[in-house]
Structure formats: C-alpha cells, structure tokens
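Note that the chains take the letters A, B, C and D in the order they are written out, and that residue 1 is the start of every chain.
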Amino acid sequence: MSKAVVPGQNNDVSDWWTTSIIDMAPGQIRFRGHPIEELIGNASFAQMIWLMTRGDLPGAPQAKLLECALVAAVDHGPQAPSIAAARMAVTCGLSLNGAMANAVNMLDDVHGGAGEQAVELYHSIRAAVVDGMTIEEAAASKIDEWQATGSKFIPGFGHRFHKPEDPRAPRLLGLVDEAASEGFVSGEFAQIGRAIQKVLNDRKGKPVPMNIDGATAVIYAELGFAGPLARGLFCLSRSVGAMSHAWEQMQQGGRNKGPTPPVYRWSYDGPNPIEPG
Amino acid sequence: MSKAVVPGQNNDVSDWWTTSIIDMAPGQIRFRGHPIEELIGNASFAQMIWLMTRGDLPGAPQAKLLECALVAAVDHGPQAPSIAAARMAVTCGLSLNGAMANAVNMLDDVHGGAGEQAVELYHSIRAAVVDGMTIEEAAASKIDEWQATGSKFIPGFGHRFHKPEDPRAPRLLGLVDEAASEGFVSGEFAQIGRAIQKVLNDRKGKPVPMNIDGATAVIYAELGFAGPLARGLFCLSRSVGAMSHAWEQMQQGGRNKGPTPPVYRWSYDGPNPIEPG
Amino acid sequence: MSKAVVPGQNNDVSDWWTTSIIDMAPGQIRFRGHPIEELIGNASFAQMIWLMTRGDLPGAPQAKLLECALVAAVDHGPQAPSIAAARMAVTCGLSLNGAMANAVNMLDDVHGGAGEQAVELYHSIRAAVVDGMTIEEAAASKIDEWQATGSKFIPGFGHRFHKPEDPRAPRLLGLVDEAASEGFVSGEFAQIGRAIQKVLNDRKGKPVPMNIDGATAVIYAELGFAGPLARGLFCLSRSVGAMSHAWEQMQQGGRNKGPTPPVYRWSYDGPNPIEPG
Amino acid sequence: MSKAVVPGQNNDVSDWWTTSIIDMAPGQIRFRGHPIEELIGNASFAQMIWLMTRGDLPGAPQAKLLECALVAAVDHGPQAPSIAAARMAVTCGLSLNGAMANAVNMLDDVHGGAGEQAVELYHSIRAAVVDGMTIEEAAASKIDEWQATGSKFIPGFGHRFHKPEDPRAPRLLGLVDEAASEGFVSGEFAQIGRAIQKVLNDRKGKPVPMNIDGATAVIYAELGFAGPLARGLFCLSRSVGAMSHAWEQMQQGGRNKGPTPPVYRWSYDGPNPIEPG
C-alpha cells in the first residue's frame, strides 16, 4: 500500500524527490497535468519533448521548427567521436543502451556544448541591442568579449570540413525566416546569427560558415529554450545517429574494434623504444 | 586535402569505418542517399529515426505509430533508476549530456531490455503459428519455454504499480487496431500480445497487465523493427524524460543529492557496528 | 539530527539501502568493521580492495599476487577501444572522470568479460576433476562444451598480436608457481590454465598463447575471487591506463578527435553516393 | 603484417595516436620504457599508477603516501550518488563495468572535483607565499578570491556529516608530517592545508573540518601530482567502493531498484494533480 502523501504535512521521503513533470496513481499517469492516454496519438514526439521540458504544449508551427532542428543534427559520420564511440562500444559487447550512453557522454563542452554556448552568446547580443547598440555593434562587441576569455572559437561558427557553407545552416535559417514571416517566431535570433556571421566573414576576409550548432541554436533561441536545453536537445538528436551506427556495427560484427586498422597501431615517442625486429 | 577514396582499390583506413548511413563531401551531407536539406522541413523526427535505422522513409501512418510509442515511454518518474540517475548526476556537476548518458546506460537488460525481449517472444509465437499452432497454443507454449529458462517474468507483462491496467497499453493497442483496420499494419502482433495476456490472466486468475514494454513492442514488431532497436528506441524515448528531469533538478539546485534524505542514511548489517552515541 | 536506526524495528527507508561494507557515525567511518584511520597507513591499496570486496584482510603474499594482476592489465595502448574512448573523451571536453567512465563502460562482455568467463571455465574444469576426470580430460571436455555454445573463442586464450606468447602470462604464472610452492595458494588453477593451453596448442598445431585475461583469471581464481569480480578488478586496473592516456591527451590538446586522421574519413557503401568532385 | 613505422617519415595514421606511455611489439610490452615482465612482481600497484601517470617510478615512501590517499577515499556509503548509482545499475542488468562507469561518471565537478580544485587552491597560496606573503595572509587572500568568484564552498573543507572532524583528514596529515620529518616530502602543502583550516575556523567561529578531498589534495600536491590527476586518482579510489557495492547488490538481488522504497514514490507539485483515491 502506498503511503498517502498529505499536502502541507511532513512527507520528507517523498518530498526528497519533488517534480512538476509527472504525477502517477495506479492506472494513471499524467505529464505536466495531461493524462498520458490523451497525449499518445495526439501529441507529436516533438510536442511531447516540448511539454516535458517546458510545461506547455507548443503550437504546430513551433513544434515543426523544433523538429527541423532535431532532424538536422542526428549524425555527422563515424569521424565524430560520439559516433565512433557508439560503434566501438557494440564491438566490446555493449547493448544499444550502453553504446548510446557512451556516445551521449561524449557530447560535453567541446563536442556538444557549442549549441548551449551559442544560445547564450545570442542572448548576450540581444541584451546589448535592448540596451541601445545596433545589432552589428552588439555582435562585434560580444565576439570580442568571447574571444577575450581565451577561446578563438566562436560557438556555432566555423567548420573544418564544410566550406564555404554547412548545408544545414541556410536551410534551417530559411525555415526560421518563413516562420518569422508568418509570425510564429520573432526572427530576431536569425538576425543575430547572421550579424555574427557577417562580422566573422569581414574579419577573416573569407566565409566562416555558420555550423549546425549555430543554426540549431537560432531555432532553440527563437523557440525560447534555455541554453542548457540546446545541449540536451542536441544529445537527443545525436542519439538517433548513435543508435543507427551502433545497430549497423552490430550487424557488421567485429570484436574490440580499435580506432584504426590494427596493422597501423600507434606511434611511441617515449623513452627506450622497442627496436624494430 | 581529402585523400581520394577510390572504389575497388585498397583504402584500408577509410574502409575500416564503412557505413551505408551517411555520405559527405564539403558542403554536402546525405543520409541513406537523401540530401540533408531535403530531409529538414520535410521529414518528421519520427520519419528521420526510421530512415536512419532502416534505410527507407516510412509512410505517414507508420511514422505516426512509431511516434505514439516514442511519446508513451518518455518517463516513469524519479523512482525509475534511469530518472533518478539523471537527477543525481546534475547535482554532482554533470551537464545534461552526462546526466542523459548515465540515465541511458541504466537501460540495460532489466530496466531497458524488456521491449527487445518482447519483440523476440512475439516473433517466436508468430513462427509457431506459421508452423501450424493456434495463436493460443503458440502463446502458451512459448510462455512455457521462456519460463523454463529460469525467469518467471514474461517480458512486457505485469506491473508492480499499475494495476489492474497500465493506461498506456490499451491506448497504444487501440491505435494499432485502428491502423490495422486501415491496412497500414497487419495487426498480427497486437493479436499475439493479447493472446499472451489472456494466457497469463487465466493462469494467474487475476489481471496481469500488459505494460509499456509489451505495448511498444507490439508497435515495433508491427512496424518491422528488429528486437535490439526496440531497446534503442526506448532509450531514445526515455532520454526525453532524463533530459527533462535533469533540467528540472538543475533549476532546483542541490549538491551531491543522495537517494534518500540524508537524515536516514542506510542500515549496516556487517561486523563490529558503531554503537549509537 | 539523524533519525535513530533501531535494530529489529521498522526502519524501512534506511533498510532500503543495507550494506555490510561501510558503517558511519559523525567522525567515524568503518569498513567491514575496521576503523578507517587504522586502515590508512597499514593496509596496502591491494589489501583494501580485497577487504572491500571480500570482507576480510588478506595476508601479504595473497595481496602481492593480487597486486601483480592489477599491475599487469593497466593498458594495452590506444588501439584498445577502452583507451581510445578515454583519449577521445577529453578532446570532447570531458574531465578525467568522464573519460574514465567511457573507458570502463567499454569493458563489457567482449572487451572486459573474458576474465570473468575464464574464472568460470576454470571452476567448471575443477569441478569435473573433483568428479573424477583427469585434468586433461576435464580441460578438453569443458573446451568442447564452451565451443558447443557457439563461440570459437576460449576466454583467456589466443591473441591477435602477441604471438607466440603474451609476455604477461608466463610472468604471472611464474609468480603463482612461486606462491604455490610456498603454500600461499593451491596452484591448481595454474595447472588448469596450462591444461587448457596444452589442449588448444595440440588442436591447433601451433601455440595459442594464454592472454592477460587467462593469466589474471588464474590469479583471481587462486585467490578465491568470484567470476564477476575478475571483471571488476580488470576495470579497476584498466582505469589506470584510461586515466593516464586521458591525461596525456589533455596535455596534447586537440578538439573532437576522431578515430583516424580527418583526411581519411570513412567509406560509404549505401545508395546514391556523392560523386567525387 | 604490421606496417613499419619509420621514425621521421610520414606515418600519418600511426602518428594520429602518439603516446609516450606504452610501446609494443609482438611478445613485448613496455610502459614508459619498462618491460611489463619487470614491472609485474616488482612494482606495487601504487608505483605502477605513478609510473603510468608521471613517467618515473617513485620511491617506496612516496608510493606509500599515494597508497594512503587511495585507501582513504574508496567509499562513503550508499548515500553518495556514485555508490547509489553503482548499486542501482546492477539491479537494471548492468555488469560491474557498467555499474563502475556510472559511478565514476558521477564524480564530476561537484562530487569529484573538489580534490582537483583544492590542489589548485593550494598552489595559488604557495605562489603567493613565494611572492612574499605570510602563509596566513596568503590563505586568507586566496580564500577571499575563491569566494569572490561566487562559491561559498572552499574545496576540500567542510562536511555536512563528519563534525567536528572527518576522521580521515588528521590521519592522512599525520602521515604527511611523518614523511616530511624524514625528508620524503616537503610538508609545505600540509602547512597550507592547516592554514586554510585555521582561517575558516576563525571566520566561522566553529570547526570547519578538512575533508577527504582537502586531505588527499595535500598528499597529491606534496607528491607533485597535477590538479586534474587528483580527480583521476579519486575516481580510481572510489571505483573500489563502486565495485564492492555493486557486487554486494548483485548478491542481494533486486530489479530496477529506485532511490527510496517504492511505497513512498515522490511529491508532485505541478498542475492538475491526480486526486488521492
């Protein structure tokens, strides 16, 4: 028998885990107050993601933009550490859950944090505009501030492979423009993203492409997601790629698959090297 | 400059990582042959998940059923080890990626494997029917086989909390029935699921509810997903709950949050206990 | 104030987490009944590992053998998926804990389970000897049984790189022999390991080297560790390599380091390949 | 056949993974230049840990101090999120590697980073002393600096449970004092640790105990370990506790063990709560 939780009284054990996300009774489950059986079949997966993280249900146009960002970031191939980790994992005996966990764990500050940082950068630029700067001044000023903290990488911009353009960025921005023209989002973060790109292009004297993190961060900011959720949503999206590659690797077989063909091994630059035989 | 990969010749390093999921060139990304910019805005997230794991794009009715399964399993509250792990993780300093990784890693054979096992059980029953048994005989026989291997738990059936019925199961099965009546799926795995439930109810003399794993496994089997992908898809779905709870916990704050209020600690039953002071 | 745990009464919350490993009161910590301040400075790390997992303190000769096994397995280079994962992880922004977690997670059935399986194989051979077989018959018979379950790989034997001999195995077995000659261990599992090796060599007509898992499993079995702890101890040992490589990579720098030099990418064998430009 | 690595020539694939930790040829393994068969049986586990992370072999007194720190931090009971995660994990079906991975992943900035931060704090104080401050001034000044960055928690000091003293700290510091009196370490970081404690006690007007992180950080700093390795070594130490608790839980059994007894569930404070039945 379940111990009754009495509102307003001391329920210290139950209160240790307090949430406004899910409520349950035998035979009943509600998310943010909505019975699960009403959500199933009526809410899209994107709407459910929004409801769970935000507390309200988005309209269809907003959910569609979220879906576009989620579709765009699923995978960047086996060269991405996240995907490589997932593929290696199944050859080590892990099930898909373990492979996906290793992949998602990789999405830390460098591999998965750029979206979060970009959202925060965009907001800082927006705040400077609100305070009276032009958007160009604000972009230039906040880029300077960012780089003064020691990193030359502006989160969300530049790509070592996709030059002059990351094909995902203009497509995503185009969809934001459409949504803005119909009044579903403000469009101000798309402007901010483009202002950053212009400053970077001008300074470099060559195109510095907005990358997937920069473009999805525009969407997440337009939709009102907080920075940390930009990272979380990227993890969710990339989990699709990790699952797919892990499953493909499972079908390919292999045992303890290392990063390069075994014939190459690695280079040793320490003391007392073994003489070639 | 990229080393040219020449089809048919020795490209041992590139061939070490071979995939049919993603192809890339500077400025171009294709998934299963589809350019990313055509997928963004046209494929739903569920369709993208299908494309990535299966290689083809599903029709809208199939994608909708997949979406229903993904919506249904996002969360089961902070008592679920996956969710508790995610919430603890952020109080230990992890970002959302680390919290989600710890949660998904928890979804191993016991916490996350029931869907995979249920898909396999359903297929074994279907094979027995193809071989001439009635569906009732096949269900009874395969339940016996399963339990003979030592586990009394039939994957996908029974729930310690939701009695007499898990509210997600009848809703999901109803949607399968609808789709079957319109010819989008065969409906045979829904029949198999119900046949198992009938055998279990009869044997126990009381309702043994089909749970979320049993119900989503019906959908995954109807849609043609292999068993291991049932686990992977559950991981993807539950990642939404993990992200949401981790984010809520991040906003609540807390440091090194243990499982129970600290005042309770644990019970020690080893040698030389410390005398109560 | 801590809620008093009253032995024999209902302390359901405290009892949910019951352990015989650790007891605490403010200012006091005991492991298996030993005050921590007595263990620090008196128990070696190997003795502490034994105490924690087994409940008693080993003698110095037993602790020394355990230490030899732990020293032997720390690392097998960046080609090992565990080590590669640790190095990739720090380039993705993870701290050493995350890098070590990704490495240890990799040590599943294939990459980290051979020691556990070898301990179990050795015990099955020992049981057959107790039942009257000669050790050669028992080894041959249990190898047959193992392979009949579908795997050609005998856990703990064979190495794709170290031929004809893994340098760690004879050294470890020599130390077991020494300890056996002095009566510190029985030596029977070293005999069993050698019996397996003889059967495999004879069948193959060429040396099938006992590998690190086979050799450390001899030690773990001699010392009375259960199979699953052979895996756990390997994880502990390999954590040293993971930490060391992650730390070296941290000092080398690098961002989002993929498995192979980026110039190589991967091979795509799916539909609609992008034409080389 | 292994591709010959020719020093000074282009070996781009092998060079992608360059290390000074391990060198191998068939039948040969060397760590930092030492053949593995010479290390096994001669180097203690603590010496091996030092060799792997630092490149040289420590003397016995230094290795003993390292060992004391490793022994001291293995476990702090099932209330620690790391240990709770390990125990939950095995009830979800994970093997010891997965349980240990989840535990170690938890040891991020808040749960596992205090040792790293304390080493860095100690070094900043030492630098101020070198620049001419008294140790008391330096401690007070660097504490102020630390707290000015927004955290009231001084890493390595204070304990919510062990009051007035964490029993591990005075024992570890006593061993540092002994080693310093014999000239094996300088003893200056023990002084710095005590200076911090004095400042904190004076400011609070009550004892602020040096905790396990503060005390092991003294040892790691005395021995010359860099800050990040203090975290790594804590992960290694705590892995012992995670393994031991996971193994105990495996023997206790249980399925999908949540944080509190299931009868308590959690408290819901969101919209539209389910009415108590």
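Keep in mind that, in the parts below, contacts are C-beta pairs under 8 Å (C-beta built on N, C-alpha and C of every residue); 3 or more make two chains touch, one makes a residue touch a chain.
All figures in this text were calculated on a predicted structure; none of them were measured in a lab.
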Exercise. For the copies chain B and chain C, give the interface type as same if over half of its residue numbers appear on both sides, and as different if under half do.
Key: same
Quiz item: How much rotation, in degrees rounded to the nearest 5, is required to superimpose chain A onto chain D on the basis of Cα coordinates?
Solution: 180
Quiz item: What whole-number Å value describes the gap between the mean CA coordinates of chain B and chain C?
Solution: 30
Quiz item: Which integer distance in Å separates the CA centroid of chain C from that of chain D?
Solution: 21
Quiz item: What is the distance in Å between the mean C-alpha positions of chain A and chain C?
Solution: 35
Quiz item: Which chain B residues touch at least two other chains?
Solution: 13, 16-22, 24, 26, 28, 77-79, 84, 98, 101-102, 105-109, 112-113, 161, 259-261, 263-266
Practice problem: Make each chain a node and each touching pair an edge, then name the shape: line, ring, star, complete, other. | Solution: complete
Self-check item: For the chain D and chain A complex, residues of the former touching the latter
Solution: 1-5, 11, 13-26, 28, 30, 32-34, 55, 94, 98, 105, 259-261, 263-274, 276-277
Self-check item: Contacting residues of chain D [partner chain B, same complex]
Solution: 13, 77-82, 84-85, 88-89, 91-94, 98, 101-102, 105-113, 160-161, 255-260, 262, 265-266
Exercise. Spell out the residues on chain D that touch chain C in their complex, using ranges where they run on.
Key: 12-13, 16-22, 24, 26-29, 31, 35-37, 39-41, 43-46, 48-49, 52-53, 64, 67-68, 70-72, 74-79, 84, 87, 95-98, 100-102, 104-109, 112-113, 161-168, 170-172, 175, 226, 228-229, 231-233, 235-236, 239-241, 243-248, 250, 252, 260-261, 263-264
